[in-house]
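For reference, chains read A, B, C, D and E in written order, and residue numbers begin at 1 within each chain.
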Amino acid sequence: MLLSHNIPFRYIFRKIRVDVLRVLLFSISFHILKLVLTDALPPVPSGLASVLGTGISLLLAFNLNQSYERWWEARIIWGAIVNDSRALMLELKAFIASADAQKPHIQAVVRSIGLRQIAWCYSLGQSLRKQNPLEHLEEFIPAQELAHLQDKMNKPLALLELHMQDVNWLYQEQALNQMQQTQVSGTVTRLVDSMGKAERINTTVFPATYSMFIHFFIYLFLVILSFTLVEAIGVYEIPVLTAVASTFFLVEKTARHIQDPFMNKPTDTPVTAIARTIEINIKQMLGEPNVPEPAQPDGYFLM
Amino acid sequence: MLLSHNIPFRYIFRKIRVDVLRVLLFSISFHILKLVLTDALPPVPSGLASVLGTGISLLLAFNLNQSYERWWEARIIWGAIVNDSRALMLELKAFIASADAQKPHIQAVVRSIGLRQIAWCYSLGQSLRKQNPLEHLEEFIPAQELAHLQDKMNKPLALLELHMQDVNWLYQEQALNQMQQTQVSGTVTRLVDSMGKAERINTTVFPATYSMFIHFFIYLFLVILSFTLVEAIGVYEIPVLTAVASTFFLVEKTARHIQDPFMNKPTDTPVTAIARTIEINIKQMLGEPNVPEPAQPDGYFLM
Amino acid sequence: MLLSHNIPFRYIFRKIRVDVLRVLLFSISFHILKLVLTDALPPVPSGLASVLGTGISLLLAFNLNQSYERWWEARIIWGAIVNDSRALMLELKAFIASADAQKPHIQAVVRSIGLRQIAWCYSLGQSLRKQNPLEHLEEFIPAQELAHLQDKMNKPLALLELHMQDVNWLYQEQALNQMQQTQVSGTVTRLVDSMGKAERINTTVFPATYSMFIHFFIYLFLVILSFTLVEAIGVYEIPVLTAVASTFFLVEKTARHIQDPFMNKPTDTPVTAIARTIEINIKQMLGEPNVPEPAQPDGYFLM
Amino acid sequence: MLLSHNIPFRYIFRKIRVDVLRVLLFSISFHILKLVLTDALPPVPSGLASVLGTGISLLLAFNLNQSYERWWEARIIWGAIVNDSRALMLELKAFIASADAQKPHIQAVVRSIGLRQIAWCYSLGQSLRKQNPLEHLEEFIPAQELAHLQDKMNKPLALLELHMQDVNWLYQEQALNQMQQTQVSGTVTRLVDSMGKAERINTTVFPATYSMFIHFFIYLFLVILSFTLVEAIGVYEIPVLTAVASTFFLVEKTARHIQDPFMNKPTDTPVTAIARTIEINIKQMLGEPNVPEPAQPDGYFLM
Amino acid sequence: MLLSHNIPFRYIFRKIRVDVLRVLLFSISFHILKLVLTDALPPVPSGLASVLGTGISLLLAFNLNQSYERWWEARIIWGAIVNDSRALMLELKAFIASADAQKPHIQAVVRSIGLRQIAWCYSLGQSLRKQNPLEHLEEFIPAQELAHLQDKMNKPLALLELHMQDVNWLYQEQALNQMQQTQVSGTVTRLVDSMGKAERINTTVFPATYSMFIHFFIYLFLVILSFTLVEAIGVYEIPVLTAVASTFFLVEKTARHIQDPFMNKPTDTPVTAIARTIEINIKQMLGEPNVPEPAQPDGYFLM
């Protein structure tokens, strides 16, 4: 997640460097062409550039809106993960509070569910970002569980499978009653849902032809605009067209970046920082000693 | 689902070939007409083309947005199918874990629900795409169940009926308690919902007059624009108009393609690949030996 | 629901006949006026028509979008009715499967709930379309139930009341346990919701002043455009203005038609066809002999 | 709720009278100014009016859309109140049907919940409209309940409190079992939700600066347009500008009216008519004798 | 929350002072430049300003819409907090009404949950606004609970932990049955959700590059417009450009203010006033003596 300040100009410019350079080049070519064959170039009516400009503005605005909604949905999903992680611990702690508070083997299972929940958050974030989903998990789950995960295709799903088994074991031990088991396993099911939703955003390519014709449409607009401007303002065309092109490409690139929020880029949903928040909340609920600090931004962004 | 790279130019062009050719033809006709009767043609004010251009851009942008939402809803529905398939297995495995883990006839029913769930996913995808909904199902369900499905109008619904009966049988055998039966049959009901939602998108024709007047509006705009351009830039009109027409028809065709996401086309929701993911997840949960590989893209798209 | 092909030109034209004729008339009048008093008419700047054209395009596009969403919501509601009708039967059949499968009086009640559910779907569709809500119901419900419905203001609601009583009776007879009764009566409650939602769309007039000023705005735009065009292109104005006017009125009429989807018109949500689908599904689940064919389109539309 | 016909011209005009008059005045002033100092006024380029016109059209269209969504949400909330009122009675009637049908004190409590539910609907509608929330309630609830409500700040909430107590009493008397109590009190909780949602819309002022700059923006556009037109078409400016101004102010006022749907105005959500529908439904379910007629429109609107 | 009247002009102007001044400065510079080097400046075609104006209008309108939706979502979340606070008390009061009404230690726990719920609302509001989350809480919760909160990172979450423990204690004491405990703890879970949702809005920075290029785009548009106007209307450019610039910056600033609704600014969601409403409702339900008055607006806004 980009922060609202300190974003280096370099970062923004790098995203549109190639496209703006290309626009600069053809704008210069048109200018030279104009000098060479003065009369042959037709006076493209400015109305055409205007129509195309309106068209591409509309498509870009809608595209940006759809990308924004994907980005916001990704954040909502991770917000739900925060909520359900907290709810899971609140429910477990309250439900087994009274009768079984003293039984250490019950307490141990609750603690291990809590730590595994932290592990799940980190693991899901890493797996969405195509990083090793088992990295650093040894801090939170025992070695035999790590071994059990090795040959599973979907590690976070396997962790939730272990949750479900533990919840059922608590029910077998009568630490949870029927209704309480239903409620807690309902919370785990919501975690399955959130995981699947994040995977859906991650694996669904934004309609490819849509992205392609937007890119093509911007170029068409800039070429027509270039023809119009070279006629009207001569050499001043070059800075003007570069500024206009930069703006349109910046809109397009922003849309493209926020539409894939788990790509290990500065515009990502800050899944590591969110997992850290969950780690803090759960550890404080469990009364664990080594509560970490909240994640700090990495310059101008937070991962 | 189209991938973000490798889309052949041929694929994109084929979609708009006929319409662009038609535009090319009338643009050439206008040019010839202009040469023949020089003064008779009135100077259509460019403002009119501009108004129509804005109008059709707006309608296209909204239309594309509505199509995008249909496409995204279809993907959300199949995402929910992934989640509920996983939840179904997690619940069944956890709920009957302890007491009845050893009873083989209970285990057999859970396994057969799991395999039938895989069958249901493939069957639903094939039935939405108007393919044979029973193809390849013999791998997952026994022969007598296949026979039972033969004369049912809606095969996937009949498969869920069998799920419900098995879940109730587990309850009768006391492998599930009251609450657990309610929760598991609630999961099956959500699968009924997802199926119905996908069928709804598949059987609901996008408002036909809406699509028609958008097509008519684009032509009206191009004709008026052609009149304007032939006046202003002469023979250069032909490439310019072709480029503009291609862009608008490309937007329209993209909208039309993604608005029907189960038509067995490259822009489809990748239901077969999703069903494969579910097959992998469920088989790993059941400890089945023959876990397949994830589905691979077929050139530039994934089905 | 209009199908995507075979829509007769006559059907589309009839919707906008009066308005286009009116535009034709004043466009001709302006032309004559122009011939009579050559200099008195002021040269309305084309920019004004352009501004108004953008304004009315925007309002029409938003209006069409809101109408589309009403139409789509209506379809979603009937999709939910399909899902809950299926879920109701799946639940009932599974829950009473084992113990009471042999008791004929239990089976009879389940069958009568199934047939009444079919009756409810037809009755709701007919009542939304202001047709006789009891027509053809004698095929599905016994005479004394029909008599009981006679003096009820809201027939579909009274049918759901009978559902609820039967479900409770099944619970009293211990064919359903506490949890199962809750789940089945929850399904009936969702049907109450869907019914209320469809009634809401049906009884809520789209903001009337909104529709009125859109109509007025289109005329204002066409009058100003007519002034502009008569100046610029003379007699060619008449076909051009007629084409432009047709397009705008077509958009407006399409918005108006799809915004009321239960008016017994070709653009309706196909409630009869959906009820037929439900009839087929339920009858196959009940093993009834006389399963009908799916509803066939009536020329270019499906009711 | 305005009906779709019979809206008096007077009603529409009154809403925009002041603003149109103001526009008329400055348009006349500009015309006189133009006559006095012919050359001093600069020729404002029509492109500027065009840009501002596009800008304000966009903001108005979005604003109208947001207002429409508030209005539609208000209607959805009252639709949910209809559904939950019906569900409450269906559940109560079915759940206590068998065993306790003969016990008159149980029947009396169900009847008093039903009548209180009618009272709650009227009371909520009146309280949202800042009318006396206790008016006419004596028809539905006994005197001591009315007295109990007197010193409560939020009367509808206090009525739902009484509902909850009665539902719990039915459970204590074993007329409802555990699950049934949960389901019925869940329905009452949904009524609490709907009430809170309606209050939310009623107490949340639409962002005030947003409304203000839209008003300011329309004036800026009209002033610039007036400058442009006085140059081009002279005295004809006055009717043209008045027509354009009327249209834009009409859009603005429509947005403003539908964004507050509980203000006791003709554009309100028809809460009294909806409460009457609920009264009819509940009284027919209870078999009450004095079932009223549905509410009739009051000329061109329904309250 | 800004009220709809009494907003001082000073408040609105202060928001855009710097940007408008900057525009004023470069507009004057251009005018002087024009006087100095008359012919060197090219005649920028007004069409370009028009295209950029349409583009930035669209982006601003969409941006405003997205900000509006964040603002409205924040209000919906706090509306849900009102509803769930009321539901929590209604449920507790009704469920323990009969049997345990006389037992004072049960009553004391219900009362302390009620007062803690009030404390939670104030605490959450203060914590979202980065104020001391424990301020004034001593009025509602006992000293030892306050002490317990001291070292918790997330105070409102710790308060809900205490709620859950009390609810479970009521179940242990058999003041609530299984189903009732589930329902009440479900209500507490919804409060956890609402809290997490508010935190999500509060900690998620609106895509920073999006905000940046909108700001840059407005400047680009104004510079190009300034070039166009200085050519056409000379010194009149200065007031015209200032008015146009003010409007665009006002839209931008409004979008920026409402997109962060918990910043302790006049445009905030009125969390303190909402917490006061909840305090009044809960205290009246508990029969507490010292019910406060509703919060009064602070001049032109309500916090």
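To be clear about the criterion, a residue touches a chain if its C-beta (ideal position, glycine included) is under 8 Å from a C-beta of that chain, and two chains touch if they have at least 3 such contacts.
All of these numbers come straight from a predicted model, not from anything done at the bench.
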| item | value |
| --- | --- |
| Steps needed, at minimum, to go from subunit C to subunit D via contacts | 1 |
| Approximate Å spacing (C-alpha centroids) for the pair subunit B, subunit D | 38 |
| Distance between chain centroids, defined by C-alpha means - subunit D, subunit E (Å) | 24 |
| Interface hub residues of subunit B, defined as touching at least two other chains | 47, 50, 54, 58, 61-62, 65, 178-179, 182 |
| Contact graph of the chains (line, ring, star, complete, other) | ring |
| Parts of subunit B lying in touch with subunit A, wherever the complex brings them together | 1-4, 7, 12, 46-47, 49-50, 53-54, 57-58, 60-62, 64-65, 68, 71, 75-76, 79-80, 82-83, 86-87, 90-91, 93-95, 97-99, 177-180, 182-183, 187, 225, 228-229, 232-234, 236, 240, 243-244, 247-248, 250-251, 254, 257-258, 267, 280-281, 284-285, 291 |
| Residue ranges of subunit E touching subunit A (in the complex, touch as defined) | 42-45, 47-48, 50-52, 54-55, 58-59, 61-62, 65-66, 152-154, 157-158, 160-161, 164-165, 167-169, 172, 178-179, 181-182, 185-186, 188-189, 192-193, 195-197, 199-200, 204-213, 216-217, 220, 224 |
